[in-house]
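Note that chain A is present in both complexes that follow, paired respectively with chain B and with chain C.
This part shows the complex of A and B:
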């Protein structure tokens, strides 16, 4: 008890400003954006800042690292970043196709289907960048229960023009980027993700992340973003994005929503260690009257802001359209929310050749310049000389395609990398198309579910003047010639039979004994021809 | 052939060159020659690499033992006869303990020197002196001073200093000690059961506390292990069970029974350490129960609250419970001063987990460093014995395993590791009589190499591709080829013997 007494004295002297002792800061934010088509885009961002730190220099990898003491920053992730001297890292795990036309641009640009991982790492370590890249995949695969190990050299590229560092670089760094479009995202990824948060799943905004609701959304994705802000520190942002459909779940077909109807939860109480905790709601820009409850903490031009504070309990934000009896979907073709629309398809009926076509439509009155990036595994090889760029009416307009860099694929080893700048005239439709060859794979290179086909990574478009508005196309599925997998046994049996047959007849011929048989006139009729040949 | 004209008269086929028995037999022999010559090629291309292991070296090393001859000088001041008596008593106690230890102490041999004067420079010698100037037994460096009033207890104290594992409930102590590793990861976690429930500790000055309370020990143990230290704070860590609610006097308590302690760590929900390396982790958890579970106490077997607020989980780590007082603020920060008692407990737990024995009851030390040379020496010897035993066992298992499974490949890596391990083991035997630290270093090396050989992934290569598979694949080729070859050879042989019989008659 004496010890307890001493302890309370010690507490009293230092509890006044605990924040002053901790060089870490945690902020959380939820943005809810009501979309014109009745859906709701939700974006959770949990950011932790490790103040005054720099990423571990790769040259120091040979010596022991200093002890790491974290308060709010997740230790499991922090140690991984130190172990491999990662300067910047982005991992996204998404399911579904982001519909740019009707949902607009996402708050987090990384919405490519499947898994995408890219890192910026410094050189000069005892282990090479590629070795560390492989180790990072395995470590993150273990941390998030995702099969990132499939991002081998056959999928790794370095598209520096498309994925520049978002933070600062303390030393010369190199980019490694890979996508796995076939990766599925599910509860087993969300559970370890939530464990990285200071307040996982029971306090603060993270309490809303109920797996059965998040994974029921039309589109959902997780993101991990680490970067270094010079003079500030290492910043980790964990994000969850989802596009939910209140109309689908509503009995009356209305677009009214509340946190409880969307997530099956409310915000029960604040996270005690969050420096700030906001919920921002963006109503749709339509004339129909709507009611927002409870009264927001602060109201801006476009958004209403709620603050989750220590005296919050069971915060349930709701938005209702009282005058609307039933939601009517707007005409989809009226206007697109994105600057331009992209459609990418792979055509052709044979298993050896095909044609890749990308159709872009500029939705604005101004000219748009965009970077076009393809990271294509060697399974599909481009015939670049057949590349044609056509405008309206099939008119060739090759001048719209410029600044191309192309790294050809190495069969069985490396993917191709195609980067080019495309110019889209106002309100024009541009059509890019080229022949491709589908590769013939070795027997052992086929995946276990070979008949399913190969998912090709999405193409990426980055507008030259606004790099944050990165756009991903949907991934493609290519059907490569697939063998019958009992083939090796058939081949063995077949060749064994042939060899045995050849051997038998040769051997027979060499060792056969011929004898002369006298044929007498009177028995000639009864002696068969074959009997003359006796062993 | 039926149309073959009878004229001109046909040649006798046996006069043709290829119809002569000699030629036919040569052809047949050459077929067999090709097959027999191809067998070694086939054998070498399909057999697995199985290098021979140094089996005899492994078995000779199994019988060898470390030897630690220790010299103890006993000084009783004025009466040399008395010293002799003490020496005999020490030897007796020591032998008794040695027998109880089931061979674990066989390596240690005591040589007692009584009465004679010793060179002060002889630092390897342990010195026991009985003096009148002190009131408590005092142990420092490699010296032990006992007050003359306690002369009768001296043999016990000396024996237990040399053989700490047998001095207490030895089985349970050995069970706690973590397996030897050249590197440990020490993971400190401040675990709030539920920070949002009202009261929580949001930060701690762990860096300062570690450097003040643990760094001297970690430095002193540098010969044995390297340490990586990491720490984190978690704000939500639910228990997997509900603590018992009980009333003591007018106070309501939440109690952890001895059974609860075993399942205290909720490994499904708690992330307690990073997983960047394969080094074993020792966890140290400061657990802050939520307001609804405060105060949280440990119960004894009669379900009475104990005064202790900490417990050890064998080979896993230590846990300290911290029930916040009711007048503490909703979020507090623990300074180094407030952590002092917690880290003293952690230090004790760490020493236990690493196999450091406490000084015998009543013995004190005046040294500035936490461990005396005497304690460290005992630990070096203990770990060296453990490591050599471990490596001998591992090497023996590899040899037996390879012997048992005939399809297990043994590559250069495995053999190299086994040889390195044996080299280190032999070196450890050679140096153990004069340097326990070198013996320890070599025994650790032997253990590392032996376990690397044992877990070498190359040894598993062909376990999943049995020989039956191979035969199944070859049968369609070999059966149709072998039948005519054998049949013709037999027929040719019978023709030849018949011809010989005919020639004789």
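This part shows the complex of A and C:
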């Protein structure tokens, strides 16, 4: 009888919790990839899945939302997603330039310098897409302590060909995309980021994220990715990527590394709520013998897998090359890890005009087709009629540039959006070049440090057959002509004086009569014009 | 004289074919955002690639330019340079015709001088070398004035409607052009009298102009596929979205303007341009050609996007009014001011934007000098035009204004 009672209580509790809570699943993974040039690419992925849920339909934004109870999913983020009915969202905050040639493709493709935010939202809500987009920026700016509020309409585009949804979409989904290449990433962004994790900094893989080491990396970036997996649920993946240089920190110049040497931490214990927690190590594909300690849980063809389980304590993975006294950097030009290499430059010495040049080199024996995307603030206007596409030896090959769509910029309001398909013949170098005109801004539109110049967003290349291998170029710095910032009153005074002078003189001339004055013996007598005529 | 004219034409031909045009192509003094040849070609490129050129801020030319250059007229190469030279020559020819109409002569010894003041005026031929479409506007103004001087109402009004379509401030020339059509172009400066014809006679002319204008607007909307072109072209002259430097007074004023005063001052500047029309037409009702001439000078100083060809047209027109020369008060000062500004404008523009050793204020100051020079010429001409009526004065009399 007692058993039956206890059982019924347990059943009641369970059913109550089923009613109130959504089934959640939390997985974490760390991928460590030793690169041929001695560096180590680390990628942390913390994914939380809200099983069986769907994003809030935008049409129901006016009615009250169901109350939200999460145990693992971060409430702050969940509330924002439901408040603005966001179906898919990607936010990345990166610092540095990802070197595709020597590092290969990143595990998370969003590696553009600075901040990048793009969302897919369903239309049909009482508030417009753009209002929600603005609200999301402000909310995320607050959540991650980043200046995302600068992503106004002057930076927002909708490049649907380049950023297709990665999950399921509601009816009438719209894309909003913006980048802030000048945004810096630092501890103030990482701290709120870690707070969204179920086991922040104490247990599990997240314990490795010591700010002073992550931000010491050659390249580092944070990412928030939300998508709706149809039939499965809403998935949130928080990622941290970093490219570390063990050779730089090593006294002997060796590329040996361990978790402690990289992160100044070890994995102290497993995160108790994690369904799975893996560390994958990919050694470089070289003939030099290496030693991996401790012994991996499972060893595949290319990778070694460690499982962080309940009996793990102070896991410190180390990789050593015992026979290598000193690491010698391989020849950089030997081979590129990416299918093609891109270099984008802005040339020209004047502050009014310049020439934008993109040089692409196909590193493969096969033809590559790639989508080329430029989102350019209105500060720099393209002269598309000067666009030239040249191959080896300056030979024109305009046929390689096709399927162009272009939205011209609107001054003080909207950026330009240029999308086109580029075909790269095998092992060919293609040079794309066009004139640009730099705009003149109102004095209030310049930032406080106007002489520093403006960062232009990176161009994005998306191979037509592998959309996940998105490539970003480095951002550009453009020097725009500046007015004198101390002059507003002077200019108003001086221009108005000139206008008043001319107006006054003409007014004088038009309203006063001509008279002829006779001058004799200091007595002036005025006579009317008509009188003089009569004489 | 004929030799000198041939020299002028040959010199212009040589300059048109020289590589100078490549250097001058994007010069801010010679072509404004509304008249730049690079932007015209960009607009044609977008138009031919199925992109609405008026959806952005790069292209601000009238759809009339877009349609003619995308189809009939050449938009690049040497042919283009020759076309601009031809248009300039047409302008010079029209100017000579105006002179003949005014002096009631079939031909005179002054014809060549007048053609040369136009063809060799650097303010006229440099914009033409840079392929600025302001050359077309200038020539259309002259041709419209020519027809008006010859008393041909329909062509004059049609061409004025076209030039108004290309550049909205030309609308200010409609009242004096109508007055000119009702009277004659002969100089009456020396004998001012009230306007001889009835003003109600302007009504049919006004209706005719509006009809031409409406047809052109409709044609433009057909070409552009909507009404969006109005905001891009005419709207630019009212809202001033593009703050590219030019020799006028607007650009730096609105670069430095406080945001909350911007609409107010835009309104003031636009209104200010309009208030001159009535006084000038009333004061010079006895000689509408002179009123047109002064209004062209006012437009050149105060229009939103002037190029050097606007003051150039005004200065070349001075050649039509030799009777006012004895009464100019300070022609030397005005000439020196013009010389000063003409040297400083390109120099300070280069120092600010190319070498980076000067700042915007240098160039702004030289645009002010240029404004004073043009204003000086305008005031002197306005004075001389009124002063002619009183005639020569000996030492015992002084002419003053009451």
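Here, the second predicted complex is superposed on the first by the 467 of 535 C-alpha atoms of A that agree within 3 Å, B and C clash if a C-alpha of one lies under 4 Å from a C-alpha of the other, contacts with A are read in each partner's own complex, and residues count from 1 in each chain.
Note that in this section contacts are C-beta pairs under 8 Å (C-beta built on N, C-alpha and C of every residue); 3 or more make two chains touch, one makes a residue touch a chain.
Here the structure is a predicted model, which is why all the values come from computation and not from measurement.
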Partner chain(s) touched by A:251 [first = chain B, second = chain C, both, neither]: neither
Touched partner set for A:272, first chain B, second chain C, both or neither: first
Chain B versus chain C as contact partner of A:491, first or second or both or neither: second
Partner chain(s) touched by A:514 [first = chain B, second = chain C, both, neither]: both
First, second, both or neither for A:78, with chain B first and chain C second: first
Contacts of A:301 with chain B and chain C, given as first, second, both or neither: neither
Partner chain in contact with A:68 - chain B first, chain C second, else both or neither: first
Touched partner set for A:378, first chain B, second chain C, both or neither: second
Shared contact residues on chain A - chain B and chain C: 492, 499, 501, 503, 507-508, 510, 513-516, 519, 529, 532
Contact set on chain B toward chain A in their complex: 1-2, 6, 10, 12-14, 16, 18-19, 24, 27-28, 31, 187, 194-196, 200, 202-203, 205-207, 210, 226, 228-236, 271, 273-277, 324-325, 327-335, 337-338, 341, 473, 476-477, 479-481, 484-485, 488, 492
Interfacial residue positions of chain A with respect to chain B in the complex: 3-4, 7-8, 10-15, 18, 21-22, 64-65, 67-72, 74-76, 78-80, 82-83, 139, 142-143, 195, 198-204, 269-273, 492-493, 496-497, 499-501, 503-504, 507-508, 510-511, 513-516, 519, 529, 532-533
For the chain C and chain A complex, residues of the former touching the latter: 26, 28, 38, 41-42, 44-46, 49, 51, 53, 55-59, 241-245, 249, 251-259, 272, 276, 279-280, 283, 301-302, 352-354, 356, 359-361, 364, 368, 371-372, 375, 378-379, 382-383, 386-387, 389-390, 393, 396-402
Residues of chain A that touch chain C when the two form their complex: 349-353, 378, 381-385, 404, 406-412, 416, 435, 437, 439-444, 481-484, 487-488, 491-492, 494-495, 498-499, 501-503, 505-510, 512-520, 526, 529, 532
